[in-house]
Amino acid sequence: MNDPLWLMLIKGVLVFVVLVLLVLFTIWYERRVVAVMQVRPGPNRNGPFGLLQSLADGLKLAFKEDTMPRTADKVIFIAAPVIAVTCAFTAFAVIPFGPEVSMFGQSTELQLTDFEVSVLVILACSALGVYGIVLAGWSSGSAYSLLGALRAAAQVISYEIALGLAVLAVFFQSQLMSTSDIVEAQAEGIPLDLGGFELTLPGWYFLILAPSFVIFVIAMVGETNRAPFDLPEAESELVAGFATEYSSLKYASFFLAEYVNMVTMSALCVTLFLGGWAAPFPTSWWPAANEGWLPLVWFFGKVLAFLFFYVWLRGTLPRLRYDQFMRLGWKVLVPVSLVWLLVLAALNIGLDAGNDTPTRIAFAGGAAIVVMALIFFWPSRKPYEPPTEPDTGLGGFPVPPLDLVVPPSPRGLTELEPSETAAATAERAPAPEGGPERREREPFSGSPASPKTKKEE
Amino acid sequence: MIVDLAQSVDLAQSAGVGEAIAFWILAPIALGGAIGLVLARSAIHAALMLALTMICLAVFYIMQSAPFLGFVQIMVYTGAIMMLFLFVLMLFGRDSRDSMFETLRGQRFLAICLGIGLAALLASGLAHAVAGLTIAEGGPPTAEGAGGDSNVAAVAESLFTTYVFPFEVMSGVLTVAAVGALMFAHVARKGQAHGQKQASRERFAPGNYPGPLPGPGVFATSDSTATPALLPDGTVEQQSLSEYVPPRQLTAAETAPKQTEGRDE
Amino acid sequence: MMSPEHYLILAAALFTIGAVGVLVRRNAIVVFMCVELMLNAGNLTLVTFARTTGTIDGQVMAFFVMAVAAAEVVIGLAIIMAIYRSRRSASVDDANLLKA
Amino acid sequence: MEPITYAQATGLLSWTWLLIALPAAGAAVLLLTGRRADKWGHWVGVATIGAAFALALGMFASLAGLDDKSAATDLFTIISVGEVHIEASLLFDPLSAVFCLLITGVGFLIHLYAVGYMAHDEGRRKFFGYFNLFAAAMLVLVLGGNYFMTFIGWEGVGLASYLLISFWQMKPAAATAGKKAFLTNRVADVGFLLAMFLMVSTIGSLDFANVFNGAEGLSDGTSLALGLLLLAAACGKSGQWPFQTWLPDAMEGPTPVSALIHAATMVTAGVYLIARSHVIFSLNENVQTAVVVVGALTLLFGAIVGCAKDDIKRVLAWSTVSQIGYMFLAVGLGGAAFALGIIHLLAHGFFKAGLFLGSGSVMHAMNDQTDIRRFGGLWKVMPLTYATFAAGWLAIIGLFPFSGYFSKDPIIAAAFAREGWQGWVTGGAALLGAALTAFYMTRLFILTFHGPKRWTEDVHPHESPAIMTGPLVLLGLGSLAAGGLMATPVTDWLVPVFGEQHEAHGHLTHMQVTIATTAVVVLGAVLAWFLFRNGTEEAPHAAAWPVRVARADLGGEAVNRGLFERPGRLAANASVAVDGRGVDGVVNGLSAAVGGSSRRLLALQTGFVRSYALSILSGAVIVVAALMVVVIQ
């Protein structure tokens, strides 16, 4: 990155503008898509297809009265939205939009900045972005805000771990931490040698790192506080969560940060798993597809697809309960990521043709065994219940139980049965006669007028 | 912010001037953050001051050709550890302001004296020890990685060869710490867990009103949940009384306008 | 051109401020944060010396310090939480049961 | 002697590790999958051991095609300290090969048998898991390329044996027997450990090749110590005198366990160890004498006690003790007799496994009764078991042309070949042992299958299912034929291991020995037939003192109790007294002193962390200042 200062400025401004426009677009897009899903028109008054609706909303929000609670910690109350927005925008700096192009006679890459560990910038920004939420909730001096902030902090930190572990698999596979290098690394297929049988896997990591990709996508939704994981701002429980006491431009900033984060996370996912700006097919189909300005189309197309995914989730899924959500994060995503990393490491050693055969077999087989053992031993929900019936002996013939308690005589049972049913029928509506067994009525399993009876066979 | 700082890495490598500028801007900020940490009355402010210092230090690491460590500092220290502090502070409640009155006799005086003495000793000792030391020739320590010479690869190589045993011990320490913290912070649940199914059944059980309880209502003097709803005849609607929140009627003084409407003017 | 002394002296100053903070503050969490500041100052010296010698070991050491600090914070905060839960106070002066 | 070297493994032989990995994987699957595997688990056990057998066959064939007749594999380094490097190395040479075939082949048959035998046991999956674990450990033992690997296998089989003996741990007898076996083995294993320490300190390596090449340079005392220590270990694992007591008790385990572990394979580990270390044992005349003495003593011991026992499995167990005594005798004689010991071991593996499985089949039919006094006349109801048992019987007493003849007679001949009066003594003992063997085995056979029916009322004997009789038939055929088929080829096959040996000629010619042996065997068998053809009384009865002593295991237990248990208790009580009075007194006195002085220092404790921190900081300042002063000056 040896751009002159003016070019860097231009690119910085461009990134900013693109992000703001994308946010405005995304809000409209979300409302329209959800509207289509719910069979209603959605915003369609301002501008063509209602495209200017979000601009109008934003302007209106900015001109509203700005209030501040008396109990608020004033400095932090103002600083919190600034932190949130700054971190959100900064993260986008390292996303590569496209290959090298010529801009005002200067050859440069379509990326604001890039260096050795640029993926970490995004992770660091999302780590710092939590400050905005937490401080907003704390400084408001209101119970809803504080609870929302606590939830948000716990949520983002928890899902950051799963997210980081998913990204780790990409680092692991590419041995790179630079966004543009990772995109380049995905351009080539991965040669695989299975005992003399050679084949080339597609380079995009969402295929060979499929578990990581799935975990990343789930964690990404949790990280951006979007439905179905939008617990910090769960309207029905916490009004607007950490932003309850905010109004006007400050409130708009949180909104802006959230949508920018969505875009950033989508872009990061595209960069890490979906080949970045590369054309979505074998590159041979159109040689010029990955040159010049054209990759911008692929890049933003993929990002928009992800945004659609976000909206789709929101339109489809109900919100999780908080404990379910945390359980998913800590007990499913994190362990699965960890095991997958181990399996990936073993597979990498096992498939490396440089090692000798026993080692390869041992590692690949070990990985397979681990996976199988996991599938096998995955803890089931139901605790094991030992059979309560005494052993009926060989071939199912009834034998006396070992503790020598004589079971009640079956003849006595049959005699008891009719009187019981008689008592029951006297109390309720007349039942079909001769029903030998009557099940206890479960609550809400039906009206008492038609008690369930087991049909005689 | 970070982008600019990252850019300064390149600047610093090409010429020491950029590094000097960054240092003289950030060092006072870091010191100020540290002093603010000691002086701030609110623990949250202290935590934010410390976070500021840590970010400055992260930039110093990046400038000193340790970019990986710098970002790890931001992610681990600022992002995770300080967030944990904030989290605990928030659990303690909002009014955790410290009284700055010193109860131990002579403690503050002695502490400051000893601090100054230690600072003087350390500074003079360092000056003595470092005199003549310069930044090593040949640039930052790197190793051959997948993307060319890389600091990350150098750290990784060192971690997994020379320091592999400490690394493994470290992982053990972290695991033990996590489990230990769980054990410390764990509070046994009182009574049986209340499942969703059971709660739903109880809610619709005979004798229970399944809907939400009524809010304060139009005749109430306040919209707090602690305020019982008033029926048109002025009596209290029993269902609006919460099981957990003691009912409270505002006094006349409390219901009077609070003069906060024109606060911004 | 920067010389390593600047960084080292800054680290010494931060370390001292942290030490004084431990001594004068009573809120256990603030005391804890001051300890973190001291650890950070130590890390800064490590990184600086790594740069001075042109080797990576200092950075690795700093890495270990961070990991230890993480473990320490987790345990420490859990202890503070436990104390707060039983005494409703986070002041280090209130936890003085171990006196003669 | 030219230095011993082992060639590196190539081709199929480089897969030696798989031989161990197969049963190990089976054990892992069976023991880890838990209840889910109850339905199909035993087939996993059978399949893995079967696959290992197939692999062993293939490897045997490829070894036969090699010139070097050895294949070593280094897997990874286990310990590397200073000069000592211990690799996880495997060695597949003719000796290991025959053991592998025995372990996997007989093991496979017994696995198959156990599918039927354990069919109604709830713990069948666990049983097969332990069984596979045993097979894996045993293969490690015989395939190990150094003493350390052998030791790992050695302890592994000890563990598996413990688990399997006490498999029915709800029976107190089984639990106790398991503990007894475990403890006795541990005591003997100390010998192995000390031997390894000795090797490391004198030779500096545990590799077979290095140890054997370096053994010549050892002093007499060292080689004597090394030999005796290894002998102690071997005696423990093989149930030889004076460690024989655990082996008969081990019969509390399920019968397939007795057949596989305590008759055919694990107990021969001692023989393997001595045969493997033949270089060390050949070095020192005294060690060889010790081995011969142990072998001769044990073979008589086992045979005498075997005559007095009434429990079908215990008779077989004591017979095992006695037969392994023969093997020890053979390997102790050295020279050509090493191969004889191995041949007897193989033949014994077949017929003893067959006999044990046969006894299991009988027990199966008799509602798990084991008292031969309550059997009799079973030959009609269980023809297959009868036939196979008869084959084993003929094989073990060593009548021409059955297995035992080819394996035992040469040992007796070799025993007579020892120089001077020792030859007469050892030969006589071996001959007497043969007579006794014929006596007690005939007694067992006749009491079980012939004579009047002496069954208890609730017993309805029946032939066992095909899955049990199938292995029985195979083993029976093996018992009959194995000795004759193997005698010469195995000797030739083992030449690369033991070197070319010439048969020694001693006091009697081979023909004379054969005649003498056949005579005493027939005599013993006929005597037994006369005494027991009409059955025997059922209640224990007063008997002459030799019988009483033999029933009491020739006083083995009493010796243990007197020599070890009582002094052990005394020593423990004495040390408790010393600890209570002396050590505690000193400690308490010290603590009182410290407590008194610390009470004075108590005043410094204010309870305020911050004042402690202040003193820490002042200490730090002082240290830094002192450093500065020192450094600057």
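Letters are used for the chains, namely A, B, C and D, taken in the order the chains are written, and counting of residues starts over at 1 for each.
Methods note: a contact is a pair of C-beta atoms (placed from the backbone, for glycine too) under 8 Å apart; a residue touches a chain by one contact, two chains touch by 3 or more.
Note that the structure is predicted; figures quoted are calculated from it, not measured.
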Ranking A-B and A-D by C-beta pairs in contact puts on top A-B
Any idea which chain sits dead centre by C-alpha averages?
A
Based only on mean CA positions, could you tell me how far chain A sits from chain C in angstrom?
35
Gap in Å, rounded to a whole number, between the CA centres of chain B and chain A:
25
Inter-centroid spacing, chain D versus chain A (mean Cα positions, whole Å):
59
What is the distance, in whole Å, between the centres of chain B and chain D, each centre taken as the mean of its C-alpha atoms?
64
Among the residues of chain C, which ones contact at least 2 other chains?
19, 23-24, 26, 93
Of all the residues in chain B, which ones touch at least 2 other chains?
68, 72, 80, 89, 91, 104, 107, 110-111, 114-115, 118, 122, 151
Pairs of chains, among all present, that meet the touch criterion
A-B, A-D, B-C, B-D, C-D
For chain D, which residues count as touching chain C in their complex?
602-610, 613-614, 617
In the complex with chain D, residue positions of chain B that touch it:
104, 107, 110-111, 114-115, 117-118, 121-122, 124-125, 128-129
What part of chain B is in contact with chain C in the complex they form?
16, 19-20, 23, 27, 30-31, 34-35, 37-38, 43, 46-47, 50, 53-54, 57, 60-61, 64-66, 68-69, 72-73, 76-77, 80-81, 84-85, 88-89, 91-92, 96, 98-99, 102-104, 107-108, 110-112, 114-116, 118-119, 122-123, 126-127, 130, 133-141, 143, 151, 154-155, 157-159, 162-163, 166-167, 170, 173-174, 176-178, 180-182, 184-185, 187
Across the complex, what residues on chain B touch chain A?
1-3, 6-7, 9-10, 42, 44-45, 48, 51, 67-68, 71-72, 74-75, 78-80, 83, 86-87, 89-91, 94, 145-147, 150-152, 196, 201, 204, 260, 263-264
For the chain A and chain B complex, residues of the former touching the latter:
1, 8, 12, 66, 68, 70, 73, 76, 86, 90, 93-94, 112-113, 115-117, 120-121, 123-125, 127-128, 130-131, 134-135, 137-138, 141, 146, 149-150, 153-154, 157, 160, 174-178, 181, 185, 321, 443-444
